[in-house]
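The next part holds the structures, each set out as structure tokens.
Presented sequentially are two complexes of subunit A, the first with subunit B as partner and the second with subunit C.
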Partner chain A sequence: MQAYLVLVRRELGAYFVSITGYLLVSMVLFLVGLSFVDILGKLNVEPTDAPITEQFFVTVYFWMILLLTAPVMTMRTFAFERSAGTYEALMTSPVNDWQVVLAKFTGSQLVYLIAWLPLAFYLVVVSQFSNDASILNIRTLASTFGGLLLIGSVFISMGCLASALARSQVIAAVVTYGLGLGLFLLSLRSLMETPAEGWTGDLLQYVSMTEHMEAFARGAMDTRPMVLYASLTVFFLFLTTRIVEFRRWK
Partner chain B sequence: MIEVIGLRKEYPGCPAVGDVSFTVPAGGIVGLLGPNGAGKSTILKILSGYMPGTHGTVRVAGFDVFHQSAEVRKRIGYMPENNPLHLDMRVKDYLTFRARLKGMGAREIRDRVAAVLDQCDLIGVDRRVIGQLSKGYRQRVGLADALVAKPELILLDEPTIGLDPNQIRSVRELILSLGCNYTVLLSTHILSEVEITCSHVIILNQGKVLASGTKQNLLDGLGGGKEIHVELAAPESALREILATIEGLEHFDLKPVGEGYLGCVLKVRPGFDLRPVLFEMARERGWVLRELTQVRQTLEDAFVRVIRDHSQDQS
Partner chain C sequence: MNKEPQLSFSNAQRWRIGANVLVSILAAVVVLVAVNILSARHYRTWDVAGGSDPSLAPLTLRVLGAVTNRVEVTVLFDRRSPTFSSVSRLLERMVRRSAWLQVEYVDYIRFPARAEKVRADLNLLPSDTGDRVIFHSKDRTRVVYARDLSEYDYSQMLTQRTIRRIAFKGEQLFASALFGLIDADPVTVYCLQGHGEQDPEDTDDQMGFSNLKNSLEELNLKVKTLVLDSNTIPADCRLLVVANPTSPLSSAEVAIIQNYLSRGGRMLAQFTFSSLFRPPTGLEAMLENWGVRVGRNYLVDRAQNDSDEPGVSILGEFSDHPIVKPLRRSRLYMVAPRSMELIAAGSADTNPPKVTPLLFTGEGGVAVSPRKEHERQGRLPAAVAIERPGGVLAGVGLPGTRIVVVGDSLFLGNKLIDQLANSDFARLSVNWLLDRDLLLGGIGPQAIREFTLTLTQAQMRSVRWLFLGVIPGSVFLFGGWIWYRRRF
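Coming up: the complex of A and B.
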């Protein structure tokens, strides 16, 4: 446990000692800011009964943030350590492979959550200027951040896997982006005017991140997407651990 | 401390280590000596648990590096080639981080970090960022990292590579001081380094152990002995006759060096000192002796000879 906590701390330090962490937070702040302006503009033109969180998640900015942050955050986890040579020092320390993988995942996940924190501030600001108290409640806020955490976990675990596989950080980032974009496009497929019939339609709807995120943003805490995202995260982390073990013992 | 039996390591299409066996006793500094590409770094990577061998058994402190890798990693301090460090961290923070990672307690960490900072002469730079340090200081940080958890075995891969002569000297002195308290396996291709720091030597070439033992045993076993260079004015035939009768003389070469002098290179068996005998021989016969020099064979001579013989055998 000590090794895991030490490595998580080191991961956080690595993000915020270098410019990477600040760039990430700035990028997310900028895009969240743009979406905030966008939502305010729309609300001025056409009032709506939908929760403010749901308004945010139908903008393109949210998915841009999700698709861009995960590759940038996770590309350095393994690929950078290997190129810098510090991976050898790390893997010859008395730590388990799963501790290393889990610490790198947790570190990235925490940075991801830190980057999203300003969103809560924006939501509070909007609710302060609204007469309708139901526009934002704790349940909606919790389910929104729960959804963010779960979908982010999938993207980050995918990024860790790509970084463990790739020799170069750039390749790791491109692979993560490609995988994320693939999942996103699969989600869009279920929103098409003529959805697929039969089991393919059901499957597409079951894996549709856009629908799930909208539901989370409405305050609907459905266990099915929760199980899906938790399973996918565990699956990708398991694969990452196997890759790390394979690299050690090949 | 280290037991390597029949170790082989093959990279795809390229054997890196071929059937290597050696043992390293506890205590002292052992040099793993060999030219570039001899398999030194690969052996150190296997010993440190970074990668497995393809065949064979490797034990460190009685633990198998493959099956009991975690136990082995608890007992070693490893400084890889090129000394990779987190350049964004401060020296003291880095050592504290490494000590924590190695499972040390808070109080122990404070004491050990202070001790290794002192031992490695890093006190004045402990708050500096590692990326801003000179190469010599970075090597010291790498050594301090290897030392911080009081390991039973320290593995150092080319610790003085890329340093200037002053830095090399200070890092060597530091390594030399470790020999009293730790078992150190030092991989290098620099002969003078081994000559100065190591008590035992293992010579590797093309993934095979060509010789191993103490420095003196190695020189003796390789026919090291001594050479005596003599220049004297004497009739060649008479000199040849007398030299052939001298006990302890293994081999000699004679050639004229001008002005009526003969130059002799005498190969002496270990345990004999023929300088008084040669002096008496010249004095009794009235031969003018203008040079009598004993040249000790160095490890470099032995190394070059072993590598050359091995290469000739291969070809």
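Coming up: the complex of A and C.
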């Protein structure tokens, strides 16, 4: 456990002692701000019956932020270690492979959460200008962050896998972006003129991230997406561990 | 010197490691799929939102629980419609409760070809356009139109030129549509003809009842016409509609109807102000035996109309009766309805009927006679419900009798039935008359919360500056300062 915590601290340090982490967080904040300014402009003209949490997560900004930040956050996890020549030192230190993978995942996940945390502040600011205090519901906010955490876990674990596979950070980022985009495109059932039927339709509905995120933002909790995202995260982390092991014995 | 690179492991060992990794990955894939199949089959859902996303009413849950066949729900909607989000949220909650519901969203603006195919599949006319939700199971189809889904507040229409959507009636209507699909064989409603009554086949704007017929068919009812040329009312008649006869019924015909009612029959009787200028139909006298006097006058509400001339009446005062309970925030659009008066039932009945007024004028109501005399004033009823519990006659159990009497019939004509909550009143009355208590009450309209933001130009500028400049800029500058401190 001690080794794991040291590794997590090392990961966080790598983000926040250099400018990388701050640049990433400020980029996320700028995009979140941009989407809020857009929403404010619309709500100032036309009333809506949807709470503010729902307003944000159906915008293209949210998915843009999610699809772009995960590759940037995770591309350095393994690929950077290899290019900087610290990978061998890390692998020969007295830690298990799974501890390394988990620490890198936890570090990226914490940066991801730190980047999203100001969203709560943005929501509170916006609710101050509303005619109805229930435009922001604390329980809905909690379920929204729960959804963010679950979906983010999948993207970050995918990023860790891509970074473990690739030698170059850029390739790792591109692979993560490609995988994330693929998963996201599967969600866009509503854009299909003739929706898939039978088991294909059921499968597409089961993995529809946009529908899941909308439900989380509404406070509608469902064990299915929770299990899906948790199992996908564990699966990608398992694959990452196997890749790391394979490289050790190669 | 040519040195061969030395391998740490033999080829066999490397192959074994590779195979081991591959097998473990395949095993992980199997576990991933198995876990998710189990999760898809055994899941739990719950709302954490509390007030902003209420659960379904117990009646809706009962209807959903009774669905045992696949129901295809086609949401033929423009996604930009203000009602769309309420519809999709409601359907999502319903789908979570019943796996038999298969929902498909068809945006006819974005996908006209797909919408056309849906129209063709459901035999919709090309002229039959607009947002709607179609419920289809086996050979039955029920349609809920978007125009029926909302209640509106017109109070600011003249002053601010705005009409606000104040309530969403989707749950009530969707449950009703589902009930129409799962209900057993349709029951038959007869509309009396032969005395100038309004005709369910008539498509005339004002007097025609064809739209009412369509609404009744959507409630899984079979609508037939009836001419009283035999001595009885057909045995399959579950409800008799007598809408505005313009010539008197013979005493024999009245006796047939009276006999039908005393044996547990159901009737919806309607009059209009124009009947005041004609001889009584005979129904008025019969209804006095049931505790109701249909006034020889029409109602005017002074709050809406200064004149004594018969005109439009917007009625929004309802009693607590199950028929009108769900309409509490709604209003009905009527044309000078005849007044109703509660009196003692005519005969010395051991099982007297209970008469309950349904809707009233405001306190400024006046009952005006054809000679323009003011007969009564105050909060006057325009419709009543009569109920006599079942009893035993000659050792045989009789079902209870139910009658609804309304002082106007034009309000259910083809043109006015779509006004305000007129069609809801018709639907609720028929459901009560047919003992379909499942579809009454309990599912009221859900108030719509409307969120608006009020920011001045200066506040908007400040927020923009804060969100796009100050907050991300501060984080970036802090990072730059850290980087600078470490570097120099």
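We adopt the following convention: the second predicted complex is superposed on the first by the 247 of 250 C-alpha atoms of A that agree within 3 Å, B and C clash if a C-alpha of one lies under 4 Å from a C-alpha of the other, contacts with A are read in each partner's own complex, and residues count from 1 in each chain.
Simple rule for what comes next: a contact is a pair of C-beta atoms (placed from the backbone, for glycine too) under 8 Å apart; a residue touches a chain by one contact, two chains touch by 3 or more.
None of the values given here were measured: they were computed from a predicted structure.
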| item | value |
| --- | --- |
| Touched partner set for A:Ser143, first subunit B, second subunit C, both or neither | second |
| Partner chain in contact with A:Val17 - subunit B first, subunit C second, else both or neither | both |
| First (subunit B), second (subunit C), both or neither touched by A:Leu7 | first |
| Partner chain in contact with A:Val170 - subunit B first, subunit C second, else both or neither | neither |
| Touched partner set for A:Val124, first subunit B, second subunit C, both or neither | neither |
| Partner, of subunit C and subunit B, that touches more residues belonging to subunit A | C |
| Common interface positions of subunit A, toward subunit B and toward subunit C | 17-18, 249-250 |
| Touch list for subunit A against partner subunit B, complex | 2-3, 6-7, 9-10, 13-14, 17-18, 84-96, 248-250 |
| Contact set on subunit A toward subunit C in their complex | 16-19, 21-23, 25-27, 29-30, 32-34, 36-37, 40-41, 43-44, 47-52, 118, 122, 125-126, 129-132, 134-135, 137, 139-140, 142-143, 190, 193-195, 202, 206, 215, 218-224, 227-228, 231-232, 235, 238-239, 242, 245-246, 249-250 |
| Sites on subunit B touched by subunit A in the complex | 45, 48-52, 66, 70, 73-74, 76, 78, 80, 82, 84-89, 97-98, 100-103, 145 |
| Subunit A-facing residues of subunit C, complex | 9, 14, 17-18, 21, 24-25, 28-29, 32, 35-36, 39-40, 43-53, 82, 85-86, 89, 92-93, 96, 104-105, 111, 113-114, 165, 448-455, 459-460, 463-464, 466-468, 471-473, 475-476, 478-480, 482-483, 486 |
